[in-house]
Each structure stands twice: as C-alpha cells, then as structure tokens.
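Shared between the two complexes below is chain A, which pairs with chain B and chain C, respectively.
Moving on, here comes the complex of A and B:
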C-alpha cells in the first residue's frame, strides 16, 4: 500500500508543478522557469524546517511567498519579450537558479553532523516527516490537501472575471489590449500565482524525498511542468491532472519493466504525441 | 591585465563555436519562425557520430572525424525536421516546441545509452602548437576552432547571398506566401535549412569536442542554453548578431571563469542575458518592426 501512497505523493507534487505552468499558459506564455520556482520553494521550506526549526505549514507559506516574489521579479523583465523569446528567457532563468543552488553552501552544525545545503552534494536530511512520526498515508493526504486547494482555486479563477481576462490575453493580446486590459499586469499576476503554486509544490517535494540537489530541478523538470498542461490540454484543470497521471503513473511507473529504455521511449512518445495531437488531449475549445 | 587579455582571447576564440550554434538557432527561426530546441543536442550527436569514423577505420586523421561529424550533423538535422516539423501544422507553435524538446531528450538519452554515460575522448588537431608573443599565448587548437568556424560562416553567408538557394531561403523568411506564389517550394526550403544548420552544428560539435578534448552527454544542456542566449543577445533571426554575440558570450564567460571559477561562470552568462532583456530586448541587431 505504501507504494501507491508514494506514487500518489509524486502525482500530487507534479500536479502542483503542472498547475503552476497551466495558469501561465492560459495567458499564452510558455514558461520554462517553473522548475526554478519549484527549486526556490524546495530550498526555502527545507532550510526553514531544518535550520530554523519551523513547523512545515508556515514554512510552506514562506515557500509560496518566495516562489511568488521571484516569479514576480522575473516576470517584469522576462515578459517584456513574448512568445519564443520568453521561452528562452525563462529557460535561462531556470538554469540560472539550478546553477545558483549548485554553488550554494549554507551549513550549520547540529549535534555531530552538519546540516543544510552543500552545493553539488545537495541538501540532505530534510527529516520533518519522519521526525514527527507522519506515516506515508498521512503525508499523501497532506500533499493532496494542497493539490485540491490549488485545483479549486484555479477552477474558481476559470469561472471568474479574472479567468476570462487570462484567456482573453491568451487568445489575442491585441484584442485584449484594445478593450483596456493591462497586459503586463495580467501576465505578471499569472506568473506570480504560478510561482506561488510551484513554490508550495517544491516545499512538499523537498520534504517527502528528504534529499534535494540541483539536478532535481533541471531542464527535464521544467519540460515536465509545461508538458503536463500542453499534453493535457487547456480546457480545464483536470486535463493537467490527467496528463500527470498518464505520465507519472503510466509512462514512468507502468513502464518501469523496460528499464533504461523507458527514458528513450519518453522523448520519442512526446514527439509522437505532438505529431498526432498538436493541440493536446483535451484541447481548449476555440470560440470563433 | 595580461591575464585578462589572455582570458578574453581564449574565450573569443572558443566563442566561435557558440556563434555557430547560435547561427543554427537563428537561421531556423528566420525561415520558419520556430525554435528548434533539439539543435544543440543534434550537434553533439553529430560530433559523436564523427567518432564512428575512428571506430570503423581504427585510426583516422582528425580531419576525417570532422568530416564525419559534418555529414552526420546534416543527416540528424534532416531527421529532426521530419520528426518534429514536417507533419505538424505551422499554426501550432506549442506543438513544435514540445516535439523538439522531446527530440532533445531522445537524442540525449540515445547518447547516454550508447556510450553508457562515459565521456569519450575526441581527437584534437594542432593541440601541440602554441603561438607566443612574450607572455601572451594562443592555443593552436583554439585557433583552428576559430579558423574553421570563420570559414563555415563565410561559406554560409556566400550560400545565402550569392546562390539561388540562398535567395529562396531569404525569400521564404521574409514573405512565405509571396515566395510560394513565385514557385518556391516551402517544404524543400525548410528541409534544406535544417540540413544546412545540421551541417554547421555537426562541425560546431566536433570543434567543441576537439578543443575540450572530450565529448559528454552533459554538454547538451549548457550548449542549448548558451546557443539560445547567443541568439537572443544577437537578436532573433540575425546572423551577424549571432556571430557577434557568440564571440561576446565566449569572451565574457572566459573572463568570469578566471575571476569566479568554472562552477559560477554560467550563472553570470544568464545574468548577461537578463541585462540584455531589460535594456535591449531586441538584441544587438534588433530586427526592424517588432517581430515576435
């Protein structure tokens, strides 16, 4: 049973990652920076619980805030450019964050071992869950609490004026601007909300794996983040969830018996899927 | 001061390879208004294929290995075109972005799988030659890298501005519909562009392998990011921009490597990109009339 709980934890965290890219994608922007916000959230929460001794819940709040703040700060310069230029800018930012944590040392001694992030070695012993005696099932429920909250929030956005504004910008920037929508405000706000969601996801990720390092936030993770909503389609949040389950539960766990060849298949399947369904499984309904 | 000049000259010489990679990205962007994310991976893949020459013939002069990488790069470019662009409608930009990222992962994994993740040594040429001017030196292999890269760029510019094929390519990049009305076959021009950029990429990959001394699958991600940064700094779609930006990034990273060490150097290259995004988002040679 623990295996399935563990799988559900992975699906939950990746859903948060996918949702953070989903809201940015609604405004028509492809951001490969989500792995960077994810990393910021992971290190923030990890350092607060391990080094400062905080409880996890306020630490996750801090992750959300730091993810949002960084996303907002990146959003302003990066969103001056759009389309493919933004892809490049965010990709470079994500790699920049990874390289930052590759060079980031901040260790303090606790007892006879040193804890804290140590550059390329990573950040070990984020042991909040085991120290407080949480079982795998409880951890899973805790993670899914945040997933459900994020999905509900985005679901509500989709039904509110704000959601319509987001989609209007995504459909046609010029038209949206001509009816008085402030493009920069909309895009930066979407980026900020995405950053907060990714930050929480990262904080949860750091705590269930107990060990994070810079390679956990590489270009592959950034690709995953945008791949979920693109593969799942932009009709609603469930497309993203569906895509996460398809990728994580079926492609990654289900094909484990293929061994090394699984990774080969993964890239090839993306290429194939995009050739067959260029607009995703659940493509956004286009109103003429 | 001398150290500084030395770092700049080494970096600029090596930067020629970044310029080649940047040209590949920018050329495809100019013609199709798409980004081929798999380009740097395909270039490294081409360089790996060049090593097959050594495997088949036992021992071969480095020039033959380079030639193998050149040809394999072209072939890989064509494969990327067919797999990621040919069948996907031009109207879905997200789909080609994802398909090329998929291709990037696929090429990466194939390399890891075939070489078992172990870096392979790459044959170098002129690595024992050293130009000296007092304390100031220039490495022979870096000079070769620079020379070959300049030759490739000259050949490319000749091709683009002096041949019918180049005329067709430029026509498609300016006005695809009008070009088609003049009887230019869009698909063929697109495929040719991919083959040409692939050839350039194969050479670039081989030059990088030769000057570093080894090839590793770990090269693909930084090369992709740096190639894209070069493209943005130079201005998307501008070939002279890519050349200047490539040399600039090469020199810049070499200087920072001297002052801040190899692990931090790439961080500053990203910062350089953001400086450009804030103060000059169109790049050094911004195209007229804010194209996306």
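Moving on, here comes the complex of A and C:
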C-alpha cells in the first residue's frame, strides 16, 4: 500500500507544479521558471521547519509567499518578451535559481550533526514527517488537501471574470489591450499566483522526500511543469491532473516492467498522445 | 472631442501618416476615407495607442493622450473595432462582452474584487442590452469563433460598446457585408449617435459613408487632401482623382 501512497504523493506534488504552469499558460505564456519557484518554496519550507523549528503549515504559507514574491519580481521583466524569448528568459531564471542553491550553504549545529543546506551536497534531514510520526498515508492525504484546494481555486478563477480575462489575453493580446485590459497586471498576477502554487508544491516535495538538492529542480522538472497542462489541455484544471497521472503513474511507474524499453516508449507515447489529441486530453472546445 | 495636430507615423521610409490635422466635434459622425494604404488604419492605431506617433499630438477632450497606454485610452473613453475581426474566439459571445466592461464608470462602480470575479446583476443587465442591440441574444453561449461573419462583425461592435465609449473608432466595419447588412449597420451607427457617441468611421463602402457621415476627410499617401460635407467631397476634383486615378471628366 505504501507504494501507492508514495505514488499518490508524487502525483499530487507534480499536479501542483503543473497547475502553476497552467494558469500562466492560460495567458499564452510558456514559462520554464516554474521549477525555480518550486525550488524556492522547497528550500524556504525546509529551512523553516528544520532550522527555525516551525510547524509545517506556516512554513508552507511562507513557501507560497516566497514563491509568489519571486514570481512577481520575475514577471515584470520577463513578460515584456514573448514566445521563444520568454522561454529562454524563464529558462535562464530557473537555471539561475538552481545554481544559487548549488552554492548555498547555511548550516547550524544540532547536537552532534550539522543541519541545513550544504551546496552541492544538498539539504538532508528534512524530517518533519517522520519526527512527528506521520504515516505515508497521512502525508499523502495532507498533500492532496493542497492539491484539491489549488484545483478548486483555479476552477473558481476559470468561472470568474478573471478567468475569461486570462484567456482573452492568451488569445489575442492586441485585442485584449484594445478592450481596456491591462496586459502587465494580468500576466504578472497569473505569474504570481502560479508562483504561490509552485512554492507550496516545493515545500511539500521537500518534506516527503526529506532530501533536496539542486538537481531536483533542473530543466527536466521545468519541462515537465509546462508539459502537463499542454498534454492535458487547457479546457479546465482536470486536464493537468490527467496528464500528471498519465506521465507519472502510467509512463514512469506503470511501464517499469519493460526495463530499458520504458525510456524509449516514454517519448513515443507522449508524441502519440499529442498526435491523437493535439489540443490536449481536455482540449479547448473546437472551432467549427 | 478629438484633435490631431500634425500627426505623423513613419515606418522606416514609409510615411503612413504624414502631418495629419483633424478635428472631430462631439456628437459627429466623421468619415475618414482614402485608397488602400493611405493611412486610415494607421491613424486609428496611433489614436488608440497601439503605435506611438512619430511626431504630432493627439488631444482627446482637451487632454493630451501621449502618455496613456492603450488600455487607459479605453478608460478615457476611446473604443475601437478592427478591420480584420479580432474576437476572443474561444470565449463565448457573452464572455467576449464580459471581459470588455472596462470603462472608468465600471471601475468606479464596483470594488476591485467584485469587478474581477464579476457577475453582479447590473453587469448582466448591461450585457443583455448589448446582445439585444446587436441581435445576438440567441447566440450568447456560442463560441465567438463559431459565429457567421456578419455576426462576428456585430459582436465586435457590441464589444467596443461594452466599454461605454465617448468616441468610437470603426475600422472598415462594412468590409465584406452585403447591402442588407450594411443597411442594418447604418441603423446601428445612427442609434449610437442618438446615445451621444461620437464616431470616427474609416470606410471604403461609399454607400455607407455618404449616407451617415456629417463630415468627411480624405487621405492619400498619409496626407489629408480634402475635407468637407459628403456632398462637397463627392464633387471634389482631388478626391475623384485619388480614387479613380485620372481626370474623371
């Protein structure tokens, strides 16, 4: 059973990562910065529980705030560029964050051992869950509480005027600004909300793995983040969830019995999925 | 209402608009005509702030617009339609109007949160009215991309009206329409004037321009070659030359 709980934890955290890219993608922006926000959230929550002795819940709040703050700061300059230029700019930011944590040491003595982030060695011993006796199942439920909350929030946004405005900007920026929509405000707000969601996801990730290092936040993670909503489609938040289940549960875990063939099939099946459903599993409603 | 003073917009060596002076009075329907490439659409784009002018001034209700970005010019009261229709195709007809309610009045009337989450009764009533005005009430849940061409044109006009503009810039609203549709458009334009909206009409279709405008300016190669009432313009030799290419007599 623990295997499935563990898998559900992974799916949950990756769904948060995918949702953080989903809201940005609604405005037509492809951002590879989400892994960076995820990293900031992971280190923030980890340092607060391990070094400052905080409870996890306020620490996750701090993750959301730090993810949001840095996304907002990145949003202003990054969203001045579009398309491929934005992809490169956000990629550079994500790599910048990763290299920052590669060089980031902040350890304090705790009894005989030193705890805290140690550069390339990573940040070990993020043991809030085991120290407080949480079972794998409880951790899984705790993670899914946040996943459901994030999905509900974005579902509600999608139904509100704000959601329509996001999609209007994604569809035609020129028309959107001509009907009085402030593009900067809309794009930066989407980026900020995405940053908060990625931050919480990172904080949860740090605690269920108990060990994070710079490679946990590399370009592959950034690519996955933006691939989930693209593969899943933008009609609603469930597309992203379906895509995470497809990739993490089916392609990565479900096909493990195939051994080395799995890696080959992984790419082939994603290509096949995108060919069968070009606008994602739950794509936008079709044009006539 | 709207004054352009020596307005120019150059693209590299091309002088799309070159030293244009124009005054549109409040309540007027002002026609802007000219051959293809004479700078009509560029004028609209510069007035709405999509491009900055190369030189010259734009004054709207006594206020210089230079510093205002596009979305704030809409709030100041300038809305537009596009020559090549630019609707939000994957939003419904109703949502297209919903996202366009950005007038200064709407911003003042509703709190920030209520405005962004939307859905108050007043908002819905206004959208219903716009749908009625455009004859699109029965299509309100249809995706804008699925509308027929004429319906898309009507929706674009309704979307511009959703911002409660004082000045409406119509960029070739009759392009591609048959004469029945042009007749309906004409009715709508006259109704808008009754509501106190000033209109700058950029158009090729003479049937429409000559029928509704109070005053017309003619552009050729970015410069104004004539201005006057429709009757004066029809008789103007320079206009006939620019349009017909040669001496008409």
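One rule holds in what follows: the second predicted complex is superposed on the first by the 268 of 288 C-alpha atoms of A that agree within 3 Å, B and C clash if a C-alpha of one lies under 4 Å from a C-alpha of the other, contacts with A are read in each partner's own complex, and residues count from 1 in each chain.
In this section, a residue touches a chain if its C-beta (ideal position, glycine included) is under 8 Å from a C-beta of that chain, and two chains touch if they have at least 3 such contacts.
Fair warning: this is a prediction, and the values are worked out from it, not measured in the lab.
With both structures placed on the common chain, the touch criterion links A:171 to chain C but leaves chain B unconnected.
Using the contact criterion defined above for the overlaid structures, shared-chain residue A:181 touches chain C, although it does not reach chain B. By the touch criterion defined above, A:223 reaches chain B but does not reach chain C.
In the superposition on chain A, A:80 makes contact with chain B only, not with chain C.
In the overlay built on the shared chain, the residue A:93 is in contact with chain B alone; chain C does not reach it. Between chain B and chain C, the partner in contact with more residues of chain A is B. Of the two partner chains placed by the overlay, only chain C lies in contact with A:162; chain B stays clear of it. By the document's definition of touching, of the two partners only chain B reaches A:102; chain C does not. Once the two complexes are laid over each other on the shared chain, residue contacts for A:263 go to chain B alone; chain C is not touched. Across the complex, chain C is touched by residues 160-162, 164-165, 167-168, 171-172, 174-183, 284-285, 287-288 of chain A. Those residues of chain A whose C-beta lies close enough to touch chain B in the complex are 30, 77-78, 80-85, 87-89, 91-93, 95-96, 99-100, 102-103, 119-120, 218-220, 223, 226-227, 230-231, 260-261, 263-264, 266-271, 274-275, 278-279. Chain C meets chain A in the complex at residues 48, 50, 69-71, 74-75, 79-80, 82, 86-91, 95-96, 98-100, 102-103, 115-119, 143, 145-146, 159-160, 162-163. Interface residues of chain B facing chain A in the complex, by the touch rule stated above, are 29, 33-35, 83-84, 87-89, 92-99, 101-110, 112-113, 221-222, 224-225, 228-229, 231-232, 236, 263-264, 266-267, 270-271, 273-274, 277-278, 281, 292.
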